[in-house]
Amino acid sequence: GQRREENENINSSSPVINYFKTFQLELDTKHDKYERLVKLSRDITIESKRTIFLLHRITSAPNGEEILTESEAKLDAVRQKIKQVAQEMKGEDMHQFHRAFSPGLQEYVEAVSFQYFIKTRSLVSVEEVNKQLVFAAEDKEEVKTTSTSDAQNNQLCTWSLKVTPVDYLLGVADLTGELMRMCINSVGNGDIDTPFELSQFLRQIYDGFSYIGNTGPYEVSKKLYTLKQSLAKVENACYTLKVRGSEIPKHMLADVFSTKTEMIDQEEGLS
Amino acid sequence: GQRREENENINSSSPVINYFKTFQLELDTKHDKYERLVKLSRDITIESKRTIFLLHRITSAPNGEEILTESEAKLDAVRQKIKQVAQEMKGEDMHQFHRAFSPGLQEYVEAVSFQYFIKTRSLVSVEEVNKQLVFAAEDKEEVKTTSTSDAQNNQLCTWSLKVTPVDYLLGVADLTGELMRMCINSVGNGDIDTPFELSQFLRQIYDGFSYIGNTGPYEVSKKLYTLKQSLAKVENACYTLKVRGSEIPKHMLADVFSTKTEMIDQEEGLS
Amino acid sequence: MAVSQMFITLQGVLTADQDIREEIRKVVQTLEQTAREILTVLQGVHQGSGFQDIPKKCQKARENFGSVKTQLASLKTKFPADQYYRFHEHWRFVLQRLVFLAAFVIYLESETLVTREAVTEILGIEAHRDKGFHLDIEDYLSGVLTLASELSRLAVNSVTAGDYTRPLRISTFINELDSGFRLLNLKNDSLRKRYDGLKYDVKKIEEVVYDLSIRGLNKEEAVAAGEK
Amino acid sequence: MAVSQMFITLQGVLTADQDIREEIRKVVQTLEQTAREILTVLQGVHQGSGFQDIPKKCQKARENFGSVKTQLASLKTKFPADQYYRFHEHWRFVLQRLVFLAAFVIYLESETLVTREAVTEILGIEAHRDKGFHLDIEDYLSGVLTLASELSRLAVNSVTAGDYTRPLRISTFINELDSGFRLLNLKNDSLRKRYDGLKYDVKKIEEVVYDLSIRGLNKEEAVAAGEK
Amino acid sequence: MAVSQMFITLQGVLTADQDIREEIRKVVQTLEQTAREILTVLQGVHQGSGFQDIPKKCQKARENFGSVKTQLASLKTKFPADQYYRFHEHWRFVLQRLVFLAAFVIYLESETLVTREAVTEILGIEAHRDKGFHLDIEDYLSGVLTLASELSRLAVNSVTAGDYTRPLRISTFINELDSGFRLLNLKNDSLRKRYDGLKYDVKKIEEVVYDLSIRGLNKEEAVAAGEK
Amino acid sequence: MAVSQMFITLQGVLTADQDIREEIRKVVQTLEQTAREILTVLQGVHQGSGFQDIPKKCQKARENFGSVKTQLASLKTKFPADQYYRFHEHWRFVLQRLVFLAAFVIYLESETLVTREAVTEILGIEAHRDKGFHLDIEDYLSGVLTLASELSRLAVNSVTAGDYTRPLRISTFINELDSGFRLLNLKNDSLRKRYDGLKYDVKKIEEVVYDLSIRGLNKEEAVAAGEK
Amino acid sequence: MAVSQMFITLQGVLTADQDIREEIRKVVQTLEQTAREILTVLQGVHQGSGFQDIPKKCQKARENFGSVKTQLASLKTKFPADQYYRFHEHWRFVLQRLVFLAAFVIYLESETLVTREAVTEILGIEAHRDKGFHLDIEDYLSGVLTLASELSRLAVNSVTAGDYTRPLRISTFINELDSGFRLLNLKNDSLRKRYDGLKYDVKKIEEVVYDLSIRGLNKEEAVAAGEK
Amino acid sequence: MAVSQMFITLQGVLTADQDIREEIRKVVQTLEQTAREILTVLQGVHQGSGFQDIPKKCQKARENFGSVKTQLASLKTKFPADQYYRFHEHWRFVLQRLVFLAAFVIYLESETLVTREAVTEILGIEAHRDKGFHLDIEDYLSGVLTLASELSRLAVNSVTAGDYTRPLRISTFINELDSGFRLLNLKNDSLRKRYDGLKYDVKKIEEVVYDLSIRGLNKEEAVAAGEK
């Protein structure tokens, strides 16, 4: 064909070409990092979700402690992944890559705040969440790699990652869904105190979100509807507990439950 | 609280619980596999895209061979990733996980058919694509792991993955976008034969897709509009070449281009 | 010409695929019809009088499962055995429904949870993928969740019919199911959504049991039952 | 109360964030105004008479860049230095536009491609992220692509103005740019879409050069130019 | 010119069509107004005092149906009889609403399900397609499903009003309806979706009956009824 | 040049317009902040303890409405009086919200429906279009519908807080509202869609009343109330 | 039982309806297949070599229209004649496509606009609604608009193929069409949207004619044509 | 009952509003019809022969604007003068179209840009908001942008018609327009989007001028013009 061949040869040694080669490297490096972060984020999401499932398995005191310990271990593992994100972010502007790992962090906030609620019946603050995301570099692995190149970094080096207020809010908004599930579960398990505690707590969060209203970003406002529905479910559950409790004097309730438990024992014995 | 504690203890030894523990394992295994496949698919997509970019760098004969060789190496690397997908699919119904890796395969088809067009000026068939996706298991690594457990598998074992007709069609539909880019590039580089070849080829693909029409799945029909636009761009480019060529007798064209090239040389010499 | 020939071949493949789907759809329609008939038979247990002749209803349902077996046997001839998940969406819904119906029959007969193996036997299909046309685990679980919701309804209606012990037994059964499901890590899909409904079934039954307890109706009956 | 207090604090953070954005928006608006003014100055080169006094126009544009510097200096005081990418979207568009304008001036002055370093100097910002308010690489590239499209227009208009050599020089320049961009692996984002436009600019200039060639206008001029 | 002449003719047809639609829209608006009035009359039955004078309310609604008849008679004059389905969408919604209202009146009067024939008589239209302006079967079914949901509300409110037997009768009626619908093989359209809602109505009414049973309120009444 | 002179004039007009919008936006933001604060105050009534001090909460809300009045007074100075509808979209949402809040306060104080006149008095604006900055009728209705949904929540929570008579009163109130809305011929717009939600609020409250009735809790309370 | 009997009857009607739709769908599928084959034949004219044997291609398309006639004849036997609009959606799309194909053939043969009457003759259906299975006016217009866009493509490709006079004739034809459409008062529906696209076709063809004019290629050819 | 009385009053207001809208819609339809007729008259200038009798066409269009005046005069009687923006959306589109048509006539007559004042005079409405039914500034600008795109088409067609000087004059005119728009600080709305299209019109016209230049057709004509 009638292609210009000489032109090419000239180009390949041109300064523009060499200049663009550095751009190629810069862009590829950035995209590769972004991709690694997306993968880490997916891992963080999945493990956080599994932690939440685990925490829903707490239904009574005996297995409670055990599950809390197990969830702590799981969250530690998640934090190890977050540490990897933090390492990738060392020296970077985290906002540049934020979209890549934000979904994972939100899910982590959901899991960690759920665990915190179960332990303390209160809301974990964004500061407390972030406190756990400061990592020291004393692990064997890192020491090994670090000691060869910059040995002086050996002990001072820490990595940290900050959950943004918006990530935190989005995680807490999703937490309310889990709290609603926990509430309905409690009613089903005959636990009549937890639902009232939960409705109190959820109302506080709901009031908080309505106070923020539309001053936050769109993603936060978008979750308000679901949040309102979760609150309605919890309020309805408490309403039902109250209404049915009205048919019997309050002091008898304990008896009712113990009787019921006996009965179930009997049933079990038969089968 | 008034929680039923005994009930839990009974449950934990119940046959239903043990039964569900097997479900837990089965589901987790499946989800983990799905996740690994999604990650592989992303890798396949990215590397295929980069291969396409590489192939667009062919503008003249001298660097053509070199780039083709390099693209072959890149595609080999992609196929190694596809091999990992195939390994994951060994003994599975690939349709169960198809959604996880289908985007990657489509992008691979796009890349491989683009390379094939450049080499042969024709359309690679789905059979030819699949022929390259049969993998032998003679790599050192696999032999090592295989030899311990089932040694007899050592030599016979092959893995393969089939691109479905729909994946193939979707990949080819996207290929037309790349062909359009190649066409416009050619015009810009003063190559006046390639655009006419491309318009011929694209029209054939377009006619093929119109022949299929809406008998295929929705995703295929959805791409028809873009395909039509790409064809229009290519037809317009050829039209322009023809119209401007009409102002000068055909046999003079070669002269015109050589003159131009000289001129450019001159320019370069000055700078 | 090469390209047009290739597209004619591809179009052939696509058409063949659509023909398979058409065939599948037809069989699935008859399956849905049969499933609706079994459902109508079993719905009778919710009626006041229906509590007496549960065994008869189960018997009748079991006969209908004969037709289901034939239809499913026909279904599996409609497509290549190793492409189950290629066409899964077509029968997924009706299969979940059939699992529920089988699980309901088994529960009414023996008050136990049907296993995946047992349900596949009733339906005349395989329990494991590598054996042939099988039952997907999520479809099995989905059918079981429908059972839970049906049982919460049954608990309510058995009280209306004057049977005060059944709700207690249902309560035990459903609580066990609930503990089982809690072990699972579900994705955010339709199964997860259906599982979220289970909590409400558990809650409903808990309320029925509570209503009986505060009226002492559980003991009375227990005694009465003991006397029988 | 703890929770409500926490939300009040969060709301404070969000409000502060919005205030920052509001401040940024204001500065960006003045930047857009200045950019439009520079554009109007430079657009003059497309007019028949404009080809004579290119140096004067560049000079005037350079003066305007003084205001840009001041405005950008003000912009960087509006937010914490390490949160560039948090607010990037706000100035991204205008910065790309300013890169284009700087690149256009440089091209008109010296017919060379402005480097990232040079453009940041003109704008009074940093070339590298770790130094402070910098120029994102994709914004730089995006501005350069706008230059390409402006040059294809310039090639057309310089023919109208009777300048037959400029198109040839633009052709060489743009071809080099094109070769450069081909080296990049772009994502499917707006930069990619803009890069796709480059092919059409190259094509357009090729057509102009062709039109000149078949009329022998390139040689004539080359000679004429040589004589001057 | 031939082409323009042709388009003038076409425009004539289009205008005629638009005029028809305009006419239809106007009549449909008056129909909606009348339907709202009937609804207001019938809504009275949910109020505590409303239970006494149901016959009077039905009487008043029947009078309003006189206007409906006139309006529908006018509607059918607005377009050629064989183009019913061309304009169906315009009156579909209000017709479903009127079916519901007629079915509600009939239920309140006689606690039976209005037949398609009966409803068309009340509305003064045809039951069968080939006779003229008729009632489409799916519109009939849709109206009946609205009745079911209204009855579940009525069951709740009749308990509040102290009428403990009505829920039992409603329960029987709704169960029959449910069995009836189970005989239908519905497409996956809006009717199917509305039918899926029926099971919630069934469940709601069963729970009302349960609430009465566990408190012995059903027997009491039954005795009281026996005594009367 | 004539054209450029003309555009400079036009830009003057555009700038003035944008400045007005900017001013409006700022006032609207403070209005939204105040509205959110009132909401936070009033939401306290849903808390178990909140039922005691409703009057105190209303008092506090009324004080906040003082700020609203000032802010709205400021808003109306920001644009020419006859251009209300030109900028309507800016304050439409917050005005609907304020209507709701005023209606909620009035309901909590006197259990009556705030009239359009009353609400405009609380907000310090005009009831009628020709008097100046007024309350659009659809905005009024929209705010009232929000009240209905808040009251259905209040009915639920008042039972939880042990107040069994409030739901009965809410039920009567909502039924009246529902009848009122049925008199309106709404267009197929967002208001119509919101009105469709009203029937769910009506139903929800009827169910609360039902739950109280079947347990005799309505009578009990009535007696207790009589004793007071 | 009365209700179940009634529903059995209803199901009979529904089944009949579904069978009709199934039958229609099958015929429509074969029509689509034939339409695609005609399209493939006619698309050949865009290939450089295709310009020689247009008559042969038209001939072949005409033969295929024989099958279309048979298939449409079969289609109209599938449902009662007065329910055309009940099932219109099923064949609407393919009918528009066939109108386009017939209009394309007629244009290629005689460079005239096919009339509604002519197209119905080619398809073997009625031109007027009251005669039976007819061609809806909007479907006719939609097919004609597709022709316009195909002709703009043809204008481009005929130049590529060296035919410089055809674009001029196409331009005249399209301008007539455009004037025709401007006589219509279209609703704001899909036809209106498609008509908005016509102006791009007009513009495209005008640009082709321009390209020929400025190079004197129109005159050249005109002379050549005159010489013939 | 107080509430129902209140809602009856509200319905009165709503009805009045709906009647106004209906009236407005009718007048707007006749305006659209007239606008289409003017457009048809003016489209003639793009045809080869149309270039001769531009004055006659303008004359005819001017007559049609008489009807426009009457219709607009009728429109402003349909609603209270201070509610212009309440109903703005109804006539916005047609008003922009009329602005374009008036601007086109003025351009054809005098090759100048119609001022806002002039266009309002042609339409018989006010230029300023406070005088009554006026022309919104953004609607004026929108109409002017439509003119730009029409002129780029005219440039192309005038070359086809052999008029080689008009494109040069159009080019100058459009460049002035472009500079004018660059003085505006447009919001990110539909006007901004339409303005972004202006640069394509500018470019298109520059390419036409280029085509003339490179072939020496501009000089030729200039000479010819000089000779006249």
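Each chain gets a letter, A, B, C, D, E, F, G and H, in the order it is written, and its residues are counted from 1.
Operating definition for what follows: contacts are C-beta pairs under 8 Å (C-beta built on N, C-alpha and C of every residue); 3 or more make two chains touch, one makes a residue touch a chain.
These are the chains along with the protein names UniProt gives them: C, D, E, F, G, H = Translin.
These numbers come from a predicted model, not from an experiment.
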Quiz item: How would the chain C/chain E interface be labelled, same or different, where same requires over half of its residue numbers to be shared?
Solution: different
Self-check item: Selected from E-G, F-H or D-H, interface repeating C-E by over half of its contact pairs
Solution: D-H
Quiz item: Does F-H or D-H have more contacting C-beta pairs?
Solution: F-H
Quiz item: Between chain E and chain H, what is the separation of their C-alpha centroids in Å?
Solution: 51
Self-check item: Centroid spacing, where centroids are CA-atom means, of chain B and chain H in whole angstrom
Solution: 49
Quiz item: Whole-Å distance, chain B centre to chain F centre, using C-alpha means?
Solution: 57
Quiz item: For chain E, what residues touch not just one other chain but two or more?
Solution: 179, 183, 185
Self-check item: Junction residues of chain B - those touching two or more other chains
Solution: 7-8, 12, 31, 59, 189-190, 207, 211, 215, 247, 257, 260, 264, 268
Quiz prompt | Chain pairs in mutual contact under the definition given at the outset | solution = A-B, A-C, A-D, A-F, B-C, B-D, B-G, C-E, D-H, E-F, E-G, F-H, G-H
Self-check item: Partner chain H, residues of chain D touching it in the complex
Solution: 29, 32-33, 36, 39-40, 43, 46-47, 153, 156-157, 159-160, 162, 208, 211-212, 215, 217
Practice problem: Provide the residue numbers of chain C that touch chain B in the complex, in ascending order. | Solution: 1-4, 6-8, 10-11, 13-15, 18, 82-86, 88, 113, 115, 129-130, 137-138, 141, 175-177, 179-181, 183-187
Quiz item: Mind pulling up the chain A residues that touch chain F in the complex?
Solution: 199-200, 203, 206-207, 210-215, 232, 235-236, 238-239, 242-243, 246-247
Quiz item: Can you name the residues of chain E that touch chain C in the complex?
Solution: 175, 178-179, 182-183, 185, 203, 206-207, 209-210, 213-214
Practice problem: Going by the contact rule at the top, pick out the chain A residues touching chain B in the complex. | Solution: 1-10, 12, 31, 35, 38-39, 42, 46, 59-63, 189-194, 253-254, 257, 261, 264-265, 268
